[in-house]
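You will see chain A twice below: alongside chain B first, and alongside chain C after that.
Moving on, here comes the complex of A and B:
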């Protein structure tokens, strides 16, 4: 009963927080975007800019409601938003939600694959590295992790693209499925084939973060009293790591893994740009460059939700993973 | 039992392998009636002519009332005949009978009228503002009534694709139905578009049944072409020098030009209503502008900056039907430039290499879009060419936004124009309004030129307008080009370069407008696969 009540309280608090966060994010991003030097009408017109008279520009501005003052536009937008209407994307001439929906499906597989890979590999490498501190294995894993942690995603992407797609020809140079096929015609194998390199790029960097963090925690656990006690009983390093350290390391790793969802979003923007992968990341860049305010704000709000969901999930998983939190009822 | 299962399994995997191989090989076998193009052309907002789809070249899915042939002559397409009333206000167009959209429904004059009326208010990239209204008189006759006589409106008869009234609505742009040579099969946004020949098309059926347009970035498209996956690839001229196996270079002339726009009025502290400063006292002197025109070596610019893929530009409409051939002159003539400057009183009295007149130095900034390496190259090269004649031109890269909102009326700016409609010429050289933006940013104004331009627009037919367009450039006494006011120093016309599969015959390409890529599809229904 108490448990149930705390859960309800937890949810209420979370929802309240989410509302406040959304309001803050919406307002703040709107203010930021309104300082953008990009003129959306110019950006929309592109080369057609040379064919369109000032009168026609006014018609376009009117179609988008740009003829109203910014503050009024904000309140219009916000009140529509509350009703679930994200507005019309100016670039795509289509409801923002439908644009995000289509792009997100493509991005989701990329992000999900990268996220899972980086979680699993990062954790395993980190534990191994921490268990055998200062060994050759540890040093090579650390070297790799530090290198990757300090390398920008788009650069890694470009290097991999040059090596694997252009020189070796193993992986495709672009797109989410083969040229000329429809997503339905493309086999699962082909889709994975197109996904492999971007997902790999994206996970490389995620791996580094999680590895380094897990390594620190593992070292800490390996030098703890309970580890010393186990060692005194004749337990081997690997045994201590798996029977004792692992459980203590898992919690921070889970936090990090879920917190990294935000970074994943950021990384996807760059990776998709490099691999011409038509997902949400590439669309975000377009929206920014071309002053598509409704779409950009829509994506901002959507990603806020996404990241928030990730963090909440981490909070809930603590419960399952750590009996201490469960016992104290320390949900929040 | 165990043995058998394993054999079956290996047979199975062999079959899977075979199928896989077949899938991989299949596109190569079918290449005859299906080609892959990487020439851009993705319209993110969809393929809706009323929002501007097709205004740069071929609407592909739609047909237009008129069109331009390979020599840019106006020929009928959907229209059978067209006349302009005596007061030059009403076009009467009779359309073909029996034309259907790709869904089988009939295309009538009502659809044409709807297209024009709706396009007027749609708020897209086309500007139909001269139109008052369109009206269907009967099933095959439509009238287009203009507010004022304007022959350049014919461009909309040439470029505006006709949409079906019944089907037009919010989702239309993503599922366009038209009466053009091809129909949209599938569009994976941001990635590719697959189109197929429209069997109901009234014209010559295209020889190539299926086209796949690839919308990847330049590098990815190039890599795909190297891997043999692309049959037509648009590349910037600086990448045209390479060899791609199985492909040949196809060079198309264009009016995609680059020129230096001169501020034409002296700097007297004047401002536009939006607060932009206007005027430059150095370039307001015609002697400076002529000297720049003469001192410039255009052939060297073509050879050096465009790698030979272009030609010298002398006007804004070079080699178009309304070009005036008398405006050509011999450039790369520093002696002549010096003579002009000396005669106008620009002398280097303090021996610093820069001429001056009444205490004003012959010095200006050439502003270019910093993102555009081609424009940068041109600005730097021209600056070098002007130094020996005693003009100091400082090249400076800026963002487009800054150029547009601060610099354009006071500095020499590298601009690019080029269109299949002479309306562009009108907008560049007719006396501007108070806030011209990039249209006549230099505030050029000449009453005689204005008169010619207005006469051209008010002509009773497109043919009749041509002499006026030519006279506006130079009538023997005045004009906006070099022999006259030299309002701009045009530098080069780019060539648009494409790599085309050796087995593909793309026919004779039209002279292309500003915008590289999609215009090559203008005659795509004539393309043929010529290998066995």
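Moving on, here comes the complex of A and C:
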């Protein structure tokens, strides 16, 4: 009973926080966009700009509502937003939500694969590194992690692209499916083949953070009092690592992994750009360049939701797994 | 069973990240305990009692260095031996609850200690429940996490964990801290029983009076140095104690009448002299200059220039 009430309270609090966050993000990004030097009409017309008369431009502007004062436009937009209408993307000539939906599915597999790979490998490397602190293994893993942590994603992407796609020719140079085919025509194998290198790039970088974090936590656990007591009982290093340290390290690692979803999103933008991978990240950049304000704002709001969901999951998992919180039923 | 001669432990650290220097935490500890005996180790906070226990098991932090002669069952005790003996022949009752894994049910932790000490995995759960019963803990406690225990329960869990095997030497680091008098008496009685059954017990404690109730002999530590070894019966207020520090400890006990100020904590020796020098009425330049050697006196030992 108490458990149930606290759960409801937890959800209510989260929803309230989400709504406040959404309102703030919507307002803030709207203000930012309205200060943008990119004129949406110019960006829409592109090179056709020379063939269009000022009168025609005004007609376009009027149709988009650009003749109204900014504050009024904001309230129009916001009230439509609340009703679930995100508007029409100017560059795709399609409802914003349907663009985001399609692009997100493409991105999702990329991000999911990278996220899972980096989570698993990062954790294993971190535990090994921390258990055998100062060994050659530890030093090599740390060197790798520090190097990757300070390397930009796009640079790694370009290097891998040069080596694997251009020189070795193992992987395709661009896109999410073979050029010339529509997404529906591509086979699963072809899609996976196109996915491998971008996902690898993203996870190569993502591994670094989780490895370093896990390594720190493992060292802490291996030098803890309970590890000393286990050693006093005759437990060997590996036994201490698996029976004692692991469960103490896993919890913060899982939390970090879910909280890192936000960064994953940022990384995906760069990786997709390098690999011309038509996911949400690449769409964001296009929308920015070509002044597609409805799409850009839609993506901002969608990614806020996405990151928020990641953080909430981190919270929930912590509460569900940690006996210290679980037994007392203390949902924050 | 166990014989320690001039044990010293230093901790090295780096100042400004470059210069390495060593701080001595234990300067010269000497003690011995044989089977069927309970040796109480008393001394103020920071005297080096816990470090001694950890040193015997080879579980000191990595930056610690150790020197001195350790003999266990007539054989020199090397770090390699320690790794083989701990849990099986030497067991530790640690000082605080932080020595329990916070995310592991206590029953599992006790059972694992049993397995490591040589109990078969099949029999370990039964042994765990027996150990809990011995310390008057209910069976359901086995399924609790350490944070769900009271301080006294945790203390008894630690004792149960360490005494579940067949270790011949038991290092008990303040096993009765935070227990009510009746429960403390039971724990001490159990330790006495283990000694009577042929084991050796090193009882580290602040509580001199409780220790005297079961100890055969008492070793007094001050600032990382053994200053006296006495029979338990010498602590009776009749002036049999050999070292001024032991007398001060005795006088400082509640109900003794004397309100003599003891140093707030065991002073850590920086010079080479006697650790008690700043508080001793008899101190002379000789005490300042050199650490006195150990002298046998009245069937005990003392480390004092004036004894």
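Methods note: the second predicted complex is superposed on the first by the 326 of 332 C-alpha atoms of A that agree within 3 Å, B and C clash if a C-alpha of one lies under 4 Å from a C-alpha of the other, contacts with A are read in each partner's own complex, and residues count from 1 in each chain.
Here is the rule we use: a contact is a pair of C-beta atoms (placed from the backbone, for glycine too) under 8 Å apart; a residue touches a chain by one contact, two chains touch by 3 or more.
None of the values given here were measured: they were computed from a predicted structure.
Between chain B and chain C, it is B that contacts the larger number of residues in chain A.
Of the two partner chains placed around the shared chain by superposition, neither chain B nor chain C is touched by A:167. Once the two complexes are laid over each other on the shared chain, residue contacts for A:223 go to chain C alone; chain B is not touched. Of the two partner chains placed around the shared chain by superposition, chain C is the only one that A:323 touches, whereas chain B remains out of contact.
By the touch criterion defined above, A:244 reaches chain C but does not reach chain B.
When both complexes are overlaid on chain A, the residue A:233 reaches chain C alone and has no touch with chain B. Applying the stated touch rule to the two superposed structures, the chain B and chain C interfaces on chain A have no residue in common. Put simply, chain A touches chain B in their complex at residues 37-39, 42, 44-56, 59-60, 62-63, 91-94, 102-103, 165-166, 169, 173-177, 179-180, 182-183, 187, 189, 275-276, 278, 282-283, 286.
Interface residues of chain A, counted against chain C in their complex, comprise 223-226, 228-235, 243-244, 247-248, 251, 322-324, 327.
Partner chain A is touched in their complex by these residues of chain C: 54, 57-59, 61-62, 86-88, 91-92, 94, 96, 98-104, 112-113, 116-117, 145, 147-148, 161. By the touch criterion given at the top, residues 20, 23, 27, 34, 36, 44-46, 48, 51-52, 55-56, 121-127, 129, 173-174, 186, 188-192, 194, 212, 214, 216-217, 219-221, 223-224, 226-227, 229, 401, 404, 417, 419, 421, 423-424, 433, 435, 437-438, 514-515 of chain B touch chain A in their complex.
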